[in-house]
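Look for chain A in each of the two complexes below; its partner is chain B in the first and chain C in the second.
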Partner chain A sequence: MKVYCRRKDLYEGVQTVGRVVSGRSTLPILSHVLLQAAEGHLRLVATDFEVGMDIAIPATVDVEGAVTVPARIVGDILGSLPDSEVALSVDENNVVELQCLRSEYTIRGLPAQEFPKLPEVQGGRSVEIEQALLRQLINETSFAVSTDETRALLTGALTVLGDGFIKMVATDTHRLAVSSMPAPGLQVVAEADEAEAGVDSGVIIPARALRELARVLTAEAGEKLQIHITRNQVLFRMEGMSLVSRLIDGQFPNFERVIPKEYQKRLVMNTQELLAALRRASSILPRDSANRVVLRTTEEGLLDITAEAGEVGRAHEQIEVTREGEAVEIAFNVRYMMDMLSITEAESVVIELTGALNPGVVKPVSEEAEGRSYLYVLMPMAIQ
Partner chain B sequence: MRLRELVGHERPAALLQGSLLSGRIANAYLFVGEEGIGKAAAALAFGRALVCETPEVRPEAGVYEACGTCPTCVLTAAGNHPHLRTIAPDGERIKIDQMRELRHDVSLTAFGGTRRVYLVRNAEAMTEESANCILKTLEEPPPGVTLVLVTESPSQLLPTILSRCQLVRFRPASVAAVEAYLRERQVVPEPHAHFIASLSGGRTGWALRAARHPAILEVRERLLALLAHLPEADPVFAFRAAEELRALARDLTADAEAEAGAEEASAPAPEDRQIRAAAEALLDMARTWFRDLLVLKLAKEAPVVNGDHRAGLETAAARYPLARIHQALEALSQTRHYLARNANVALTLEVMMARLLISD
Partner chain C sequence: MARTILHVDMDAFYAAIEQRERPELRGKPVIVGGSVEDRGVVSAASYEARRFGVHSAQPTAQARRLCPEGVFLPVRPHLYRQVSRQVMAILRHYTPLVEPLSIDEAFLDVTGSRSLFGDGEAIARAIQARIRSELQLTASVGVAPNKFLAKLASDLRKPNGLVVVPPDQVAAFLRDLPVSRLWGVGPATERQLTRLGLRTIGEVAACPVAVLRLRLGAAGEALHRLAHGEDDRPVEPDTEAKSIGRETTFAEDIGNTATLERVLLALAEEVAARLRRKGVCGRTITLKLRFADFTTLTRARSLSEPTALAETIYPVARDLFRAVERDRKVRLLGVTVSNLTPGRPARQLNLFVPLDDRRERLAETVDALRERFGDAIVQRARLLRRDHFR
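Showing the complex of A and B:
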């Protein structure tokens, strides 16, 4: 292999795929990045056996070939080289020579054929969507994913590609986030293959894959990406880059049952006012406390927000609220509320309630396009 | 190594191939047998056969083996296949984080392909938390997932683990069987066969290696002499010892090259890789020495692997404090880890030798 490319391209590529490189793995090859030079570009591939990432950067290829190099070390070297052309070559012992101006490094690589091939994703369902929309979808749900490894099913987000929409659902049993975006043009490769059965009701994407993906998605409008799901893998493909992940195996709990079908009381508030009040109130609650905050409506059309920590003190906030239905008194976990409010762009939010012991539903108040919806179900806490 | 090549283990090999042929694979296996007997090799061969894309299947002959040539087999040979994972002690123990990772990996869908195998080597090194962490996985893994626990001391495993595994026993072959095997394969000059077989203690794999590379016996003598000298060595000795180790590795390599092509039809590895592999083999031999020291520390009459050097072992055991033996074992396993990562061989061995000395 003999190849020339720009230092910046290579550095950014190694940094990006390097994110999925496993730092703690016992397999040397997993701390490496696969470099494959062919047809005018250099492909960089990394995997930790759960998530795999693949990037192509422009390069002048003199001799095609492939090798793997340790991601961290090569990243460190590239990071501090001046911006110029980098030449890479490999000898028969997989020793890589990296040259840039007057800097010259030899790095011991491992043979490319010992690098695990990323799975090929075929069949199943696919759809194209704006990156910014997918990014929002992930932001609106991934914070609610459970971190409890003993309940593996909940450590990912259920992702459904439906007719005209894409939906993501996440829950840790204390709260549930359900977000949906319009996504026309669903393609179903109806393989009579049993392996694809059940994909229509959604697949569970591990939180780790969603985090890595969110990092590379652009917030700018106009940039699209393809999502492709099969029973065993999900593939996200965009210009010059793709990310593939294994899925969490099993049936996601029936989340529809948890969503209250009706409500008796309804509170509408300014999102930022509510968030700011909760933030201030939460500052008196110790991190390891139950994080309880009590919401009470007053006769004067205000919402009382109180938090108490025996050893610290008491917080009392008031904000304006529009109320439908009877007076409200209910307690929630303040951090769970803030998680959702801090990613909501809508000016106002609505909380729909029934009783003090029934779950509440938080939604942004906004004109929604067909196929777009977002709601957040919160379990109440005891008021004491 | 294929299942049918496991000498002295015809019964377990037939049992495993029978399961493979019938497709009735247990959720979890426990491979039990003495150190160096070939149970880990058997586990690997079984795992490779399970995940191979194009296995050699001959039901009439009771054969089901990995093909050894498909892309999956290339990766499993390098130990880099996502569906054949090996978990080995991190230091002296198998830690809870390793088992959490295993449990997490099991909960994911397949990377491609269908069958997935997890080998847990030295399963007795699991902490109680580690063992408890995988109980549920052992009992009802998802379809296609098989766990193979390998151990030399099943009595150290929790009963809850034992009851969840299908037991496969590996017994030492008789000295006569090992000797007969060596003769049959004609890998060794006649007078040597008996000596090597007796030295092997029924561990066929070891005997075969020794027979194929007669230098291994001489190298072993030199290595054990070096290790026996460690208790009274001064710090400067570390450098000479590391140099000697490298010389031993080179000798092993030169000898292996002389009869290259006997084993697998793979392309010859580059020289550096061969030295590394030889150094790793030496570390394994050194490990048996320190393991023996540990055994003697705990039970004076216990049988040891290097029985022909018992006097030397007893002298060394008297000189080494228990904690230093543990440190030495730790140093050996760390060095193996570094060598596998393409670290500089000379430097790595020097650092290791310095850590093996008693005096600082």
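Showing the complex of A and C:
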């Protein structure tokens, strides 16, 4: 193999796929990136057996070929080289020579044949949507997944490819984020019933895979991407990149059941004012504490926000609020509120409430396109 | 202003409790500890047994040779802990500044209580009287201006002793005591001091501090201060523990998974009860495991919310345990909860599980029952066979 490419392209490529490389694997090759040179580009592949990522960067290929190199070491070297052309060549013993201006490194690689193959994804359901929409879906939900490894089911987002829409749902049992985008053109490969079984009601994609994907998605309109779901895998494919992930096996909780169907009180606030007030108030709460803020409406049309930490002190903030229904007194985990508010682009948000111990629904106030919806169900904390 | 510190030390605690529970044992040499078969050691010996040369930490086999007529009893830790709680409750009646040193001794700072209950001596007598009348046990008490002197004093006239060291008699009190009585002086330091010709605390006090520093470094200065009866360590009520844990070493190494998991449950339950007693809850659960060959490992996991319930602690400890590759028998298991926060967890309600504090209420009820009637009053069915764990 002998190829030439831009240092920046190669560095960013190695960094991007390198994130799925497993940190401490018993299998040395899983800490490597596969380099494959053919037809005017260099492919970079990494996997930890759960998530696999494959990207292509432009390259001049003198001699086709393939090898694997340790991701971290090569990333470190590339990160500190000047921006110029990089030449890569491999000898028959898988020793890689990396040359850039006057820097020259030889790195022991491993044979490309030993690198695990990424799974083929066939049959099932697929749809093509705008990258920007998928990016938004992921941003609006992935923060709400559980970080508790003992509840593997909840460490992923339920993803439904429906007729004309795509929906993502995430919950850690304290809060629930449900986001839906229009996605016309669903294709179902009918004959592959085995691959299709159960896929219609949604599959659970590990949040890790979604976060890695979101990093490479563009926010600009016009760029498309294909989603392909089977019973065991999901494949995201776009120009120069594909990401495949195993799915989390199991039954996602019945989330529809916990979305309140009605409300008794309604608060409308400016998103940034609320977020800023919560952020300030939260600074008084020690890390690892309960993170509780109490929201109370006043007679003067204000919302009192208080946070208390025994040893530190007390925070009191007020913002303007438009209220329907009776006075409100309710406590929430401030981090959970901030998580949602910080990804909301709408100028105002509405919180719909029933009682102090019933779930509240937070929604952006915006004109919604057909098939588009977003809501965040938030369970309160007990006011003692 | 001079402080008034008490050191309360229960006399032959385990043995005295056994004699109280079984009056026919009164006046007899009672030895509590591990069995000879288990290569056990003596945990406590009654004063009658001590006359035969039996003392704690001695191998039980040796104690049996010294005192063949002795009544040898197994340790009943749950009973002793329950009595210990009753003792501490009496002590806390006189001051909130109670620092338990172990199951059967504690420091008290009663400086602020003197206007309520009288001077240190009066408080000491009141404590001794209550322990005698309410618990049918005896305690020895030292009263002094600091912890070091109070502990020395309580030890001088056991059992049922009361020694008061007034601030103006500290020097006289210490003068003729052997250097081994100084806090931190073990056999090695004692030898070094002997080489300097220092055998009594009075001689250490008279020795220039520079000489001690030269021979013993910083420790020498500390010794000099102690020899002068100076010790400004405060009495610290143990409310600010960083972690709460419990571990147990088996009499025989165990390989059986079911047995080991049962031990984990018992440990989790005990740790949970202690968390509740201290009014704290914790977020990080650590499993400690020592194999027969003494290789020791710990595994920890943090929860999203703090807990003080065995029902939460046990499954995590068990999962950590199951994730360990076990190819040898296990010698020791331990469960610790850290990352503690005071109070009950500020409850984050759950979307899918309706608000249910029945488990907390159940745990509190069980705690209250055990406090009153002893740990055996309520048991998990799985733990009814407790003989594997003490």
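Heads up, the rule we're going with is that the second predicted complex is superposed on the first by the 379 of 384 C-alpha atoms of A that agree within 3 Å, B and C clash if a C-alpha of one lies under 4 Å from a C-alpha of the other, contacts with A are read in each partner's own complex, and residues count from 1 in each chain.
The working rule: a contact is a pair of C-beta atoms (placed from the backbone, for glycine too) under 8 Å apart; a residue touches a chain by one contact, two chains touch by 3 or more.
Keep in mind the model is a prediction, meaning the values are calculated, not measured.
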For the overlay on chain A, clash or fit between chain B and chain C?
clash
For A:R231, decide between first (touching chain B), second (touching chain C), both and neither.
first
In the superposed model, which partner reaches more residues of chain A, chain B or chain C?
B
Figure out whether A:T173 sits in contact with chain B (first) or chain C (second), or with both, or with neither.
second
With the two structures laid over each other on chain A, which partner does A:L110 touch: chain B (first), chain C (second), both, or neither?
first
Answer with first, second, both or neither: which of chain B and chain C does A:R292 touch in the superposed model?
second
Which partner does A:V377 reach: the first (chain B), the second (chain C), both, or neither?
second
Using the superposition on chain A described above, determine whether A:L357 touches chain B (first), chain C (second), both, or neither.
second
For A:N333 in the superposed arrangement: first (chain B), second (chain C), both or neither?
second
Superposing the two structures on chain A, identify the stretch of chain C from 56-64, 146-154, 164-172 or 326-334 that clashes with chain B.
326-334
Common interface residues of chain A - those touching chain B in one complex and chain C in the other:
149
Chain A-touching residues of chain B, taken from the complex the two chains share
71, 74-75, 78-82, 85, 88, 90, 97, 100, 103-105, 107-112, 142, 270-273, 337, 340-342
Using the touch definition from the top, list the residues of chain C that touch chain A in their complex.
283, 301, 303-304, 315-316, 319, 339, 341-353, 355
Residues of chain A touching chain B in the complex
24, 26-31, 49-50, 92-94, 108-111, 113-117, 119-120, 149, 152-153, 155, 206, 231-233, 246-250
Listed in rising order, the residues of chain A that touch chain C in the complex are 146-150, 171-176, 253, 258, 288-290, 292, 310, 331, 333, 357, 359, 377, 379-382, 384
